[in-house]
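We just call them A, B, C, D and E in the order they show up, numbering each chain from 1.
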Amino acid sequence: TGGGDDEALGATPDDEDDYEPVPEMEFASVAQDEDALRYEVGNLAERQLQALGIETNREVVDVGTYSDKLNDREFDFMVAAWTGGTERLFPYYNLFYSFHSQFANLEGGNYTMFESEEYDEMVENFRDEPDESSRVEYAQNCQEILAENVPIIFTVHPDALVAANTDSFDNWQEMTGLYAYNNIPSLTEIENVGGDDQVVFGTTEALETYPNFFNVTGPDALRLHAFTYDPLVRLGLDGGPIPAAGEEWEWIDETTLDVTLRSGMTFQDGEPVTVDDVAFTFDSIQEEGIPYLGSDIDPYESSEILDDDTIRFNLSNPFSGFVQITLYRIPILPEHIWSDAIADHDHPSEWSDPDMTGSGPFEFIDYEPGTQIVYEKNHDHYLADEFDFEQFVYRLYGSQSAIIGDIENGDVTFTQYMGAEHWNQADDIENVRAISNPGLDAHGIWIPNNEGPFRDVRFRKALTHAIDQDEMLQILLQGRGEQAKHPIAPANERYYNDDVAEYPHNIDRSVELLEEAGFRWNGEGDLLMPTDWQPEVEYIPLE
Amino acid sequence: MSLVNIDGVSVEYRTDNGPLTAVDDVSFTIEEGETLGIVGESGCGKTTMTKAFLRLLDNNGEISTGSITYDGIDLATVSEEQLRTDIRWKEISYIPQNAMAALDPVYTVGAQVVQVIELHTDNSTEQARERCAELFKRVDLDPNRMGDYPHELSGGQRQRVTIALSLALSPSLIVADEPTTGLDVIVQDQICELLAEIQDDIGCAIVFVTHDMGVVSNISDRVAVMYAGRIAEIGTIDDVFDRSAHPYTIGLQNAFPRMDEFPASSALIEIPGSPPNLLDPPTGCRFEGRCPYATEECRHTDPSSVELEDGHRIECLYPERRSEFREHGNEPDTWKDAREAEAKQTP
Amino acid sequence: MSITTKPESDSDSQALIDVNDLSKLYETNQSIISRLFGEKEYLRAVDNVSFEIQQGEIVGLAGQSGCGKSTLGELLVQLQEPSSGEIIIDGDDITEYSSSELKTFRRKCQVIFQDPYEAINPRFTVSRIVSEPLKIHSIGDRQERTERTIKALNDAGLSPAEEYLGSFPRELSGGERQRVNIARAIVLEPDFLIADEPVSMLDVSVRTGILKLFEKFKEEMEMSILYVSHDLSTINYLCDRTMIMYLGKVVEVGKTRNVIHYPSHPYTKTLLQSVPDTQKQTDITEESVQGEVPDPIDLPPGCRYASWCSYADEKCERDEPLLQQRDDGEEASDQVACHYPIENNAV
Amino acid sequence: MTLLGDALTKNQRIVLETYKERTQWAVQRFLSNRMAAIALLIVLGTLFMAIFAPFLAPYEPQANIADAQGEYSMLEPPSSEHIMGTNHHSQDILSQWIYGSRVSLLVAFLSGIAVMLIGTTVGLVSGYYKGTVDLVLMRVVDILYAIPAIPLLLVVSLLFGSSVWNVIIAMILILWRTMARVVRSQTLSLSERPFVKAAKASGASDLRIMYVHIAPNLLPIILIEGVFVMGAAILLEAGISFLGLGTTEMISWGVMLQLTYTSGAITHAWWWVLPPGISITVLVVAFFYMSRGIEEITNPELQHR
Amino acid sequence: MVNLSYLGKRLGLMAVSLYAVITVLFFLFRILPGDPTSQVISPRFSAEQQEQLMAQYGLDEPLYTQYFLYMRNFMVGDLGQSFQHGEPVLPFILDRTINTLILTVPAIMIAFIVGPFIGALFAWHRNGRLDNYGTAIALTTYAAPIFWTGMLALMVFSFSLNILPSGGMRPAGEIPGSPLNRVFSFVTLQHAILPIVIFTLWRISRPILITRNTMIDVLGNDFIQLKKAEGTPESTIRYRHAMRNSLLPVVHYGALAIGYAFGGSVILETVFSWPGLGRTMWDAVQAHDYPVVQGAFFLMSFMVILFNFIADIVSTWLDPRVKDEGVVE
């Protein structure tokens, strides 16, 4: 597939000898079976970019290769996304980790190599600021800078599509973000109307790694660990932190936090939950390392036990998201079980048949990889009375169609991560409640901001104008989502800044911008750049 | 009354190129206890004829006219079931051409004999095995070899097993289709001898098909010489060999080298040309194209069967010239002329 | 292992082919079970054979099926690697030839294979089959090759050759195929021809023509021919000298006339008696062989024929007889491997 | 000389005539087998469709088609606008179906031909030389046999990335083994046939014996097996497309089916689910019947019975 | 007395094949783009963390050391530890194999027991109506993509009629008491029935077609005529003689099929959400969980090689003419 049509899109050069074609660019995305949306976005976007006369070469890669390419910064276009766990309502990762110049190196997460002192300062303020309203302002400024400089071609924010059977359970309340129904607060809300004591969560996502906590490598497993282990805080339906094992918390200063433990808690084997267990958990995770939780544990420096119920966290640097992110993601492991495991193994993750005793609302009963995980309600848990069912089953399926079939006939209680087409199907079924939950995900096409023509902001803007975000939204998401302007989704009402630069689909505007930046087209419609081309506009500061 | 009466039998094969009459209006009889030899060139219809007795023709073949009467039953029309239970093997057994391949390779030879005995009699397995051992001895095979698989036996031994098999139910007729072709002379000799002995023993009739004039003269009482689907000449051994009347029979005899002369060179004379295409047989006499004595008449008139002496019949328009044919038949020049004549005709 | 004295040729001329102590052993194929439970075994297909063939001589090689005739023939043209022994042709030991020498050698030495239906490539036209050897040896241009092809076909008795050039083998009769086969063998005008059972598969009416061809080659081209057959009557007709083989051994060799009319070895005699002959009629009462041929894989120590032989005694069962010149009587000037050769008694 | 010249032209005429007759006979015989004739028609029809796809397809196969008002029509049943309806992305199914035939045929023919070449060569060499060469080559084939096809295909397409070409390469890698075995066993018996010995006795080189004398006799079996491979290749392509490793640059029937599966269209969009599935089935069956047709021409055993 | 050297040779050859398979697989997976760590190791990890993880799985050693290590452990039955699940590979894949066998054993058994009879019937009535329609159906069940027929079957029996479950091995939350219970229980049967039927339909076509074609050749043999001449009833000729003589190729094809059956069918298991080895292997392939993939491949290869050996022995029993390695001389 060549670039452009037979005619020049915009101005042709006076002397073609001074120009050379813009080099062919590689357009990569993950394979379809791994992420259909990203794959399809890639297909659409590639065609639209080619309309500008840019030669692209499509490469579909598996997840492994994909992360290698990102890590090694070996891409021209890469379809990628931030996924939206509810903790991302605190947009630390999306704003800080992905765009701070500190991470614009081969180890860091700033894959697009966007660098701006102004932005660095702004985002550091956001990170450190304990006061919420100022923090929101800093974050909104960040969004403005990003929208103006388009380091990434932002595409869409898909909704989180979930569906639940209403014959067996009712009063479904969704939490903001991806895990609309699959979280403890939502599950406490549902009412048993069908008399079935079992909640079955049907999914096609095979767990990355389970059940050893020290082995956790992804959000799904982490989410299930929160069933067996209590974290200090949970996030409520609105996404704000609510007490869990920690009854209250108090910032002493920017780097010191005191947390009071809920009293009377016991592990499922009857041992009491103590602050020592909390300290043990944080210390061992820091020492042994759980790569997936690396950035979460990173701000943690040490802890002090103030009294039987109170623990003090000392942070290495100010981190206003410590409660909402770190304390939410890291649960409490029983010391009496894990201290031996740590002593017995090189690394505790090697314990292949771990004792899954925790203090959480559910007891781990059985795990059959590829089939299901079965949990039973922990009747001693403080939330026990809130759950209107006895058993929770995480059940794996080969296809979403099968899940929908089973939701309809009641074999599955609810599901999530649905494709738009499946969701439409579920929506048509009478006894199924299908909701399109505004998502925190942000999709985009990652580009190397420090390379070739990408260095010029106008080039990046031109590309963004070339992308038809509405088509993506309508076709790929069947309208279930929002167009993206920056990494924060509208669903994040607190932080979202709507008032930023926009780039509607407009090829003429793209052509205009490219011409302005010195680009031309030859007779075949291929994009040319002057042989000695240099970027003129590399950064547009806030007014 | 004769054992089998073959009356005006024709066999037709359906082929892609139209019907092929492999056996054409053939009549003869088989007498009780006699050995009838059938000789003729490859493809002249010998196998077809023998298969017709047991209605074993290939799927595309059928007996189109005529009747084969055995014991008052017309084998051409009798029901398949009656044929299977009453006639096959009990009355008429069969030694197929290429008998070495006629045994199921995956069962022991003994088992195959036992199978057929059990199939048609009420004998217990034990009795059947005994009978089998008996049969093996009868055909000069060590009964210990009953447990061998066909491939473990030599060609001659396999041939004996098929003979033992054919004797299993003491039939009144054994149809043996080239039972010695492909075997070496010593074994061939043994087999012939064996068949002769058996006949003496149980008095069955044997139809013995071969293309070897030597073999047939050694074993048969009567001989039928087939040519292109027809019986050119039929009669006793002496009739056919010493008083041959059909030019084809004469020619065939000439082609045989003799052991009693040395050197034998001058005596060998080949019959020029090749048999006609059965899909499109010529009108008139079928041997006409190769016959040194052929006349214009031969080309148009289909010779009918003429009885010369009692039971000695030929299909030739000139039965009266037979002694003349015999005399000239020994001279190579007679046949050479025909060949040249034929060569002249072809282009 | 026996030591064989080399039979002396009764001719003074330099022998064209001189074979000394030639042996060929085959490793036998066994089933997986017997491999699991047994040892490796060998079959002695040709065992210590020595002989000579003169220029312009036809030597017959007879013996029953499986005695090693074809194997010997294939050894002579190096289609098989001998296990031991030498084959001297024109003064060179061909077993030591390099592949290019072998190619040159093969221009001079050709084979007519046993089965005319199998020995020509079914996918080639007649002209291709016959001209292939010329092509292989890059002889002549297209035109010349065609000329020679036509000549060879005519020589082989297929005339008019032009008619046949475009035909495929399956459009030919057995006799015609055998002639194509012969044409292919003589198109290079070899000095030496091995004819492996060239007529055994053919109808009697066409055999004669083929035999006559060999006579013609011998006379007109001074060709040496090894004529392999189990049929003594054609050997009698054609060959100057005759060798009789039994289980890989040569048991008798001499002038055909002597071997056939005054056999010295009991085996030769049996062979002769078994030949069916139209003249012999039904007098098959002569003593015939009984018992079993020994297993060629597991040979007895003494004379291999002892188990069949009516004259055998302990000596025969103990000592293996060597091939020796017979000294008694003028008629039997041949060599025989027997402790008690038959005295001058013509069959 | 002139006489010979005349003879030559006459011969050539005879040769030509026999060839012509034989070809005619073969064609007639093939066509008289009704199933084979229909099969041939189907394959040729598909080929026509594949070659002229750009002219036959009413829309771009991958375009998300919007109507005049800019409205997309998703999962619409067949209508005059879209004869075979649309899919979930408002793409024209008829156009996808037409273009989809390209991949199936490309995969079929390329892997078929490559397998014929590789398999035949390996089989010939192995069966002809026997001994160590045979042992080594057959060990390789055994090892390939010991590795299951679909998983290996998956790994290979992961290894090289998924594109039509890689799928074809992977397919060839797997499918040549059967061809090699079949050719080898035939070669083993053919090379013992007297006519091969005759060629050897005439001094023909090994290469000449293998390719000039033996190979033509294998042609029927190579063709039969080759056509069989083509059918198998189509199925394998559909299989790995189904698992999401299908071709990315071209739409194929397998990819279409995969989309119906992943998007759950199976329960309601029959116009999308049925055509690719039926097409694959029919095409594969057609290849089998063609191979039977060829078998019937070339196997004299089957001609009379 | 067993000829040890021959047995040794056969076993040796099997071992060589296996060794080659293992080696090829080992290196194949390590030249895959994206090193094995990328699955386990999130890009967010620091260099230090990455190294730690590499060391944990022995991936920091040079390739050849890894190889020798792997082979050494292999000898003692240690196929390593799953990257994904942290479990030792061997028990893990054996467990999955049981699930797979629940589907494949009945399917293969039906296919290879019933198939030849059907094929024999077709051959007997060659070109008759039964044969023509029957072969067409057999060809169709072979040619229809199995995932497509599987989807259609699910749609009809599970979603529309709702008489059979839509996948998986048992209802959610049910925990099989014992392995025996897992295999032999009504629920398992209920869940397995649809995939077994689909699998059988697909599997049975080859034995049918192979038997049919071989038997047509066999029917042309002279011994069949002799049996007919003997007055043997048709059915005896058909099954005891003709079919038995046609079984050899089926046995050899069957050996392969059984070998592969241990690996299950990725596609079928995906469609029916069946937690078998095929699906596990596919997940592992995607996750670059090499120890599991290698283990699964090894298991299948081992089975193929083993069953080939068995088939060689069975064929000598079926057909006494068979020599070494299934060749009829």
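Note that a contact is a pair of C-beta atoms (placed from the backbone, for glycine too) under 8 Å apart; a residue touches a chain by one contact, two chains touch by 3 or more.
Which protein is which chain? UniProt says B, C = ABC transporter ATP-binding protein; D, E = ABC transporter permease.
Owing to the predicted nature of the structure, the values given are computational and were not obtained by experimental measurement.
Trainee: Touching both subunit B and subunit D (ABC transporter permease), which chains are there?
Mentor: C, E
Trainee: For subunit A, which other chain has the most distant CA centre?
Mentor: B
Trainee: Look at the interfaces B-C and A-D and say which one is made up of more C-beta pairs in contact.
Mentor: Of the two interfaces, B-C and A-D, more C-beta pairs touch across B-C.
Trainee: With chain centres defined as C-alpha means, what is the inter-centre distance between subunit A and subunit C in Å?
Mentor: 88
Trainee: Per the centroid of Cα atoms for each chain, what is the distance between subunit D (ABC transporter permease) and subunit E (ABC transporter permease), given in Å?
Mentor: Each chain reduced to its C-alpha mean, subunit D (ABC transporter permease) and subunit E (ABC transporter permease) end up 24 Å apart.
Trainee: Can you give the whole-Å distance between the Cα centres of subunit A and subunit B?
Mentor: 91
Trainee: Approximately how many whole Å separate the CA-defined centres of subunit C and subunit E (ABC transporter permease)?
Mentor: For subunit C versus subunit E (ABC transporter permease), the centre distance works out to 53 Å.
Trainee: At least two partner chains per residue is the criterion; list those residues in subunit C.
Mentor: None at all.
Trainee: Of all the residues in subunit E (ABC transporter permease), which ones touch at least 2 other chains?
Mentor: Those would be 32-33, 151, 154, 159, 270-271, 286, 320.
Trainee: Under the definition above, what is the set of subunit D (ABC transporter permease) residues touching subunit C in their complex?
Mentor: 4, 7-8, 10-11, 14-18, 22, 193-195, 197-205, 208, 213, 216-217, 219, 300
Trainee: Considering the complex alone, what residue numbers of subunit E (ABC transporter permease) touch subunit D (ABC transporter permease)?
Mentor: 13, 16-18, 20-21, 24, 28-29, 31-33, 126, 132, 136, 139-140, 142-148, 151-152, 154-155, 159, 216-217, 219-220, 256, 259-260, 263, 265-267, 270-271, 278, 281-282, 285-286, 293, 296-297, 300-301, 304-305, 308, 327
Trainee: Which of the residues in subunit C come into contact with subunit B in the complex?
Mentor: Its residues touching subunit B are 64-66, 159, 173-176, 203-209, 211-212, 215, 230-234, 236-237, 256-257, 260-261, 270-282, 284, 288-290, 293.
Trainee: What residues on subunit D (ABC transporter permease) touch subunit A, complex-wise?
Mentor: Its residues touching subunit A are 62, 64, 72, 74-75, 88-90, 158, 161-162, 243-246, 248-249, 258, 261-268.
Trainee: Which residues of subunit C touch subunit D (ABC transporter permease) once you look at their complex with the stated criterion?
Mentor: That would be residues 74, 77, 79, 102-104, 106-107, 109-111, 113-115, 118-125, 127, 132-133, 136-137, 143, 146-147, 150, 162-163, 165-168, 170-171, 181, 184-185, 188 of subunit C.
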